[in-house]
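The structure under discussion appears below in the form of structure tokens.
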Amino acid sequence: MGRSLSHEPRDPAFDARVRASFGRQPLMATLGATITHVAAGEVDIALPFDARFTQQHGFLHAGIVTSAVDTACGYAALTLMEPGAAVLSVEFKLNMLAPASGTHFRATGRVLRAGRTITVCAGELFAIDDQLETSVAVMQATIMTVRDRPALVD
Amino acid sequence: MGRSLSHEPRDPAFDARVRASFGRQPLMATLGATITHVAAGEVDIALPFDARFTQQHGFLHAGIVTSAVDTACGYAALTLMEPGAAVLSVEFKLNMLAPASGTHFRATGRVLRAGRTITVCAGELFAIDDQLETSVAVMQATIMTVRDRPALVD
Amino acid sequence: MGRSLSHEPRDPAFDARVRASFGRQPLMATLGATITHVAAGEVDIALPFDARFTQQHGFLHAGIVTSAVDTACGYAALTLMEPGAAVLSVEFKLNMLAPASGTHFRATGRVLRAGRTITVCAGELFAIDDQLETSVAVMQATIMTVRDRPALVD
Amino acid sequence: MGRSLSHEPRDPAFDARVRASFGRQPLMATLGATITHVAAGEVDIALPFDARFTQQHGFLHAGIVTSAVDTACGYAALTLMEPGAAVLSVEFKLNMLAPASGTHFRATGRVLRAGRTITVCAGELFAIDDQLETSVAVMQATIMTVRDRPALVD
């Protein structure tokens, strides 16, 4: 929709910082998720299908879809935060568009607007089957920049 | 808020049906979740803390919080559906109120209004520590009744 | 759901302050809305039916429902803010439960959790017909406390 | 994000149908809103600034922003519905990105996925000042196709 995504990062080392924080998320390791793309205001995550994380119809559970997309949104927001800050999910809304069925998935997080305190992101999950990508879910998320809490740094 | 929760179930065997469908959710077993309360329009789920499902600050990941609350909401909706129907999450919105920190958690799903096609539910996650319950997250969810799809029955 | 609503106001004059800010909202006057209840963490608004604000089926437009409930949520949050702060709607999600049909309406806003920066509220719209109240819509809203902006005070 | 928007309309007369239903919305006339673009899966609405519809800081009220964007989303969904059906807003979520300040506004609704019963739309409001467009709000909305209700046709 012609949105300019010219977000200026306030931390030149944002790429390493995002990957390091992602590496400290036990859930991502448990899910076998990896971070595949980091740019200013953008993060992608890859996720394999795993029957342990499915719901009763054999599809990836909407909560696992949420785990990947929320993480992508949170780290997309973190790419634009100054050193010393931490990222916090305030809230998100997820619409399922199709069953989360496929051999692999790709979650994307994109910053729509980064304010001093509040960052708004758009997220999406794509199912991948034989190179074909289908959109499975879309998210609209509100992320908060947390400052001055030494115990909470990303 | 004084809402009358006098929902009339259309399936007299709703309790066994909900527990059976819950039992077919691999994710719930993976999380160690159990269903602890089933009534017309109401489902509760118990969840232990497990470091494998945490985010980078050591709290339960918001996507796992979502997994439990979305499941509670979906099955709360299923308690009121006629035999042969299936339950589908259309969308949900979750607000985090506090860090998901505790030794155990309780997720609740309550039907606000059950229509022919659309059911709206309120969900919540409570963290439990030494018998003390703290509200961690609230959800507002839209659930769909799926009919006439023999491959999709709950 | 048994939630303790023992919110402590930081401004002893919160009642007058909320009513004064409400009085500065031209939209509320345009809609003929009045503030009917103010307490710590709680605001109610009354609204008459008016054909000028309806959608194509003759019901109050969902955006007007939103106007009343969002205002109730915002001012419920303001009851707990310190002097000098201003209230800002970050986002909201509204589910329609029934057509907004009736001679009068009552919008409610209740604080679920008031943090230093973020307040989460639950809102609802009731249609009133012959003293009977029907729930028409439910909202989950995120409100922000804005500080140190002299041009923005409520 | 490279989404294919090749939605096939099931009613060849969708353009006239959408404009006629829009013409039956008293709120749109009250707001001075006009429909400026109709295509398969797409609707735009133009809205002037009007002080009667503002909140206490002089900006367009978030509920009025919602009115325009929800209407654009609903009619975007209607462009793809078969004759005889009606459109119903199930729920929406709106994030404010910037104050709704400007001389004119443009609301957009775009179908992300049109299912048999549920259509998911993305909406946005742009403020226009001296030809410059700023994104003010983004919406994610769930719309329902209502059938077999002769009293409810769009």
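So that you can tell them apart, the chains are marked A, B, C and D in the order they are listed, and the count of residues begins at 1 in each.
In the analysis below, contacts are C-beta pairs under 8 Å (C-beta built on N, C-alpha and C of every residue); 3 or more make two chains touch, one makes a residue touch a chain.
As the structure is a prediction and not an experimental result, all values here were calculated from the model.
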| item | value |
| --- | --- |
| Of A-C and A-D, pair with higher C-beta contact tally | A-D |
| Equivalent-chain rotation between subunit C and subunit B, CA atoms, steps of 5 degrees | 180 |
| Rounded Å distance between subunit A and subunit D, as computed from the means of their C-alpha atoms | 28 |
| Centre-to-centre distance between subunit C and subunit A (centres being mean Cα positions), rounded to whole Å | 32 |
| Where subunit D touches two or more other chains, by residue | 90-91, 93, 95, 120, 140, 142 |
| Touching residues (chain side subunit B, partner subunit D) in the complex | 90-91, 93, 117-118, 120, 140, 142, 144 |
| In the complex with subunit D, residue positions of subunit A that touch it | 1, 3, 93, 95, 97-98, 108, 110, 112-113, 120, 122, 124, 135, 138, 140, 142 |
| Residues of subunit A that touch subunit B when the two form their complex | 21-22, 24-27, 30, 51-57, 61-68, 70-71, 86, 88-96, 152, 154 |
